[in-house]
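What follows are several structures.
Each of the next two complexes has chain A plus one more chain, namely chain B in the first and chain C in the second.
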Partner chain A sequence: MSAQTTSKASPASFVSSSRWLLWSGIAALCAWVLVPIYLVALGALGGRQGVYQWPKTGLPTGISLDPFILFLKTEGVLQSFLNSLGAAGITVALSILLGAPAGYALARYNFHGKDSYRLLVLLTRAFPLAILALPLTVSFIRLGLYDTIIGVGLIHTVLALPFAALVTQGIFMGVPRELEEAAWVFGCTRVQAFFKIVAPLALPGIVATAVFAFVISWNEVFAASVLTVRNRTLTAYLLTVLSESPMHYRFAGGLMLILPSVIFIFAVRRYLFAIWGISSK
Partner chain B sequence: MTNNRSWIPYLLILPSVAFLALLFLVPLLQTMWLAFSDNGLPSPANAQRMMADINFSRSIRNTFLLTLAVVPVQLAIALVMGTMVAKVGRGRETILWVWTIPLGISDLAAGLVWLSILQNSGYFNSLLLGLGILERQASWLSYQTPVALFFAIAVAEIWRGTAIVMVIIVAGLNQVPREFKEAAEIFGAGPWTRFWRITLPLIRPALQSALILRTVLAFEVFAVVYALGGRNFPVLVGEAYNWQNQNQNYGVAAAYAVLIMIISLAATLIYLKVIKVDPERLP
Partner chain C sequence: MANIVIDRIRKSFGTFEALKEVSLTINDGEFVSLLGPSGCGKTTLLRIIAGLETSTSGDVLIGGKSVIGLPPKERGLAMVFQNYAVFPHMTVYENVAFGLRMQKADDARVKTQVEKAAGLLHIEQYLDRYPNKLSGGQRQRVAVARALAVEPKVLLMDEPLSNLDALLRLEMRTELKTVLQSAGTTTIYVTHDQTEAMGLSDRIAVMHNGMVEQVGTPVDVYNYPATRFVGGFIGNPPMNFIKVPVTNGQVTAGSEPLKAPKETGDEVILGLRGEAVQLAPLPLGLEMKVRVAEPMGSHLLLTGSIHDQPVRVILPSSETVRSGDVIGLKLDPNRITWLSPESGKSFPAATAR
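And then the complex of A and B:
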């Protein structure tokens, strides 16, 4: 309210001062996100001396890639990195293969049970899904899936699939139905029309969905830790060795977890808001 | 579409239904059975054992306090971010990208990031020393400083989890037609009135899904706690993990899991009830 009275008194200075306020707020919030990442990177590249340096300046002094490479050479790190990639790959493949057809059905057809299906998908959101890994240990041991990348990929697909189905629904709705129908008129079968007309138009959105499925799997800690013993994913490995590893190893692990997902988020930044606008409906 | 092809949609959703039935519904029932059975017979033994555990009431209290502290702050920051970025023309994309970076960061990584800041010889203590507030290293993450540990975990969670709320809120704000705001302005509504009376009611669906998602995730808090405080700060999922992994007691772990599910479901229902989304009044 007081801002309004000032604006009547001297509009020009009010505009510039509110602009200034806006941009300093934005800058502060950007720093709030970025500075901690910068600091953990310093910790990861500073090695043992860096950890105990006191007081710290926050400047990039005494850093090199050597401590990080040493961390990568620690037994189990590289393997768990590959395991994480494997589990995420399985999650991406399964959630797109199972989710995209469902998304297409939701976008293009009216059928009995459509609402029940949507309810099932939305219901998964009200549950802490990773918890379901607890009873799965028993069945996975019986099926030979315990302590395998496939097992982890399967439970991560439970997390990513509902998301994939809802998002691909929105993506297919964005492809005009008329184009597809025109292809039918010109003699394409439904399958041909889908792969020649719909799929190319929907592809960027589907790639973005795949990236999200990847990030969901890459970051999941609980289920991966419960379902593996030797074939740990990177998160599960870091969680188990956490208490006995030195500080700079923990920071290196943190940085290693952050880097790929930051790059992926950058790759799909144009789709972020469209996707979440859809999936939160 | 056409009736003679009515089997097509069922064929398309069948794989995902089968998958979710096998790996969502079955484990859900299995968890409940594990929690409420003992040697193959229905029994409340696991639930009783869970409630008798010394960490039980502490983990409930900690998890609820954390959720209550974290979710409103995240929503507030997300609304501030959304309002700010709506006023920006050039540079909007870059700002939004920076703000969404934590979306790709796991809770374990977030815990490790804040560990580097808050450990004894970390940047936070260095800053306090530089400002003359501290004279020597203070520890914030031990069991002797439960309040500081609580704030450390809350800060890490706010740092990481705000991005998802922000993305959903901004997606919701993008759908609010400009005319509404302009009309309100013409009728003399100030920025505050516009925010409370126009914007907030119009983004109710986004608010609802952001709150549901974020609250369910907040009750699942685990790795960030573990990375910062080890076992000094018991939370519900952490207890489930310990009972399963350290104690090899699947029954009590399942009892915790059922408790977490009940709390998450209750929270979801409350949000659905309290934040009513009226489809008639949406833009």
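And then the complex of A and C:
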């Protein structure tokens, strides 16, 4: 009797234990992302006292938006936030508009110097910004780009572009060539075939590349600090201002850095997953 | 409807010559297979006709008009790809309608054409599904329906059945033949599977090393191969090749002399289909040492040697031959292909037609 039950129970317990493993893994990953955000939010919204309260209560107490709104009203915060959005927008737009065609060419065509081109693209990251900072500042002043958001956006594009080109190359290689050829045969020009067939199938990957470019620009602080004086991006602004600020201001700044990325990724999450499954087989 | 003229097409990839002056004429409404082993250039030729590949030199005429330099969409053709190439982000309906939509056909025509094509290929019930919910065979039907819906002048098929399992392939082959017979479209069909080519085609072009070795009806290509390669490639078991000496313009097979064609030298190769023989008593017949006898039910397959050269012979299953026997064979003189040992080509004069 007992032998019977164990033999029956073992496959069931295997299933339940693997399911338990799955859900605990999911919980751990969620906690990995959410707990720090939660703690930062707690610090930002808890006011002057909330930051120093220890041990932390599980559920937030004495929370109000006031300290955060006070932070937002601080001079320069809102403007630098908008500056950051602008620079990130320029970075996303340029790195997709320039990087995706480069990736497409790398994926579809064989040309002389393809490998050296790929290497060259990566080499743009071989020179640390710290070395380039001074010459860049000088030429930006000459070009009238110094202390402008366009200038910062251009530099961030340079940082994001190599990845955009190489990542989109992989994405376009994942769209079978035969699909495109079928489109040509059935009446498409090359451009039509790209927009009707390739682009919809590559969309998830392109969106992921856009997220990546956004995050690169949003988090970048060195170039933004060097190349701006008054039109600071949020990171550069916070770096200079917050060291002299009270603790809950710093947390509010941190939260403000985190939130747009999270919201952005959340907004485009639908496109991050291949809906149709690219495989043609 | 249109005929296709392929005029001295050459194609090289760097120093590799994929196609060496291929010429071929396909008549209006005809079904022609390009048959050959992988790497023989058959797919390259098809892609040149489709406009997906450029030729190094030569011309392709569709309906009397040169299409070299035209993009694929201006050639008035449709194509079925080996991996189906069904668009994964469109429903089956939109897939089949794709060509018509690109031609800016009105909705009513799109609807009738899609329904007609879907009906021919029995995919009506899947029209609003996405391709990832379909099996391989169903996807292949969608690909064929998409090609037929535009009523093309020319239909190109690139190994359309090679990704299907054996049973499904057989079923689709019969169905394709039914569908295409009623459509009457000029069709070029690329395959490495001789049974597909034999079963479907009006004519077969056997390709080897970038050249067309022979063009002919399935029966002609089978019975009268133009080269040793064609004989060896087509037929299961393949044609037997027995090298024999020629004396006074004659070859002795057993006690029976066979008249060799005039052009032969001291030696000639007899191309012999496995089933073109009969059992004969020994001093009269050609001696064959049977190494293995395999009763296959429908026939008896004998593997052994004649003049110490390996052969495979098919006899009716009513005959009793055992492994290790020595038997005599009577050859059918009308079904012998005489081949030159030097060039590997057959002597056409001697090949009775």
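Here, the second predicted complex is superposed on the first by the 207 of 281 C-alpha atoms of A that agree within 3 Å, B and C clash if a C-alpha of one lies under 4 Å from a C-alpha of the other, contacts with A are read in each partner's own complex, and residues count from 1 in each chain.
To be clear about the criterion, a residue touches a chain if its C-beta (ideal position, glycine included) is under 8 Å from a C-beta of that chain, and two chains touch if they have at least 3 such contacts.
Since this is a predicted model, take the numbers as computed values, not measurements.
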Inset, instruction - State whether chain B or chain C is in contact with more residues of chain A in the superposed arrangement. - result: B
Inset, instruction - Have a look at where A:266 lands relative to chain B and chain C in the superposition and call it first, second, both or neither. - result: first
Inset, instruction - Mind working out whether A:155 is in touch with chain B, chain C, both or neither, as first, second, both or neither? - result: first
Inset, instruction - Go through the superposed model and pick first if A:29 touches only chain B, second if only chain C, both, or neither. - result: first
Legend entry - Which of chain B and chain C A:188 touches, first, second, both or neither: second
Legend entry - Touching both chain B and chain C, residues of chain A: 276-277, 280-281
Legend entry - chain B - residues contacting chain A, complex: 1, 6, 8-10, 12-13, 15-17, 19-20, 23-24, 27-28, 30-31, 33-34, 77, 80-81, 84-85, 87-88, 93, 95-109, 111-117, 119, 121-123, 125-126, 129-130, 137, 159, 164, 167-168, 170-172, 174-175, 190-192, 205-206, 209-210, 212-213, 216, 219-220, 222-223, 226-227, 230, 237, 240-241, 244-245, 250, 253-254, 257, 260-261, 264-265, 268
Inset, instruction - Name, in rising order, each residue of chain A that touches chain B in their complex. - result: 1, 3-4, 22, 25-26, 29-30, 32-34, 36-37, 39-40, 42-43, 51-58, 94, 97-99, 101-102, 104-106, 108-111, 113-114, 117, 120-121, 124-139, 154-155, 157-158, 161-162, 165, 190, 215, 218-222, 225-226, 235, 238-239, 242-243, 247, 250-251, 253-254, 257-258, 261-262, 264-266, 269-270, 272-274, 276-277, 280-281
Inset, instruction - Sort out for me which residues of chain A touch chain C in the complex. - result: 176, 178-179, 181-189, 192, 197, 200-201, 275-281
Inset, instruction - Please give the residue numbers of chain C that touch chain A in the complex, ascending. - result: 50-52, 71-73, 77-79, 81-89, 98-99, 102-103, 130-132, 136, 146, 150, 163
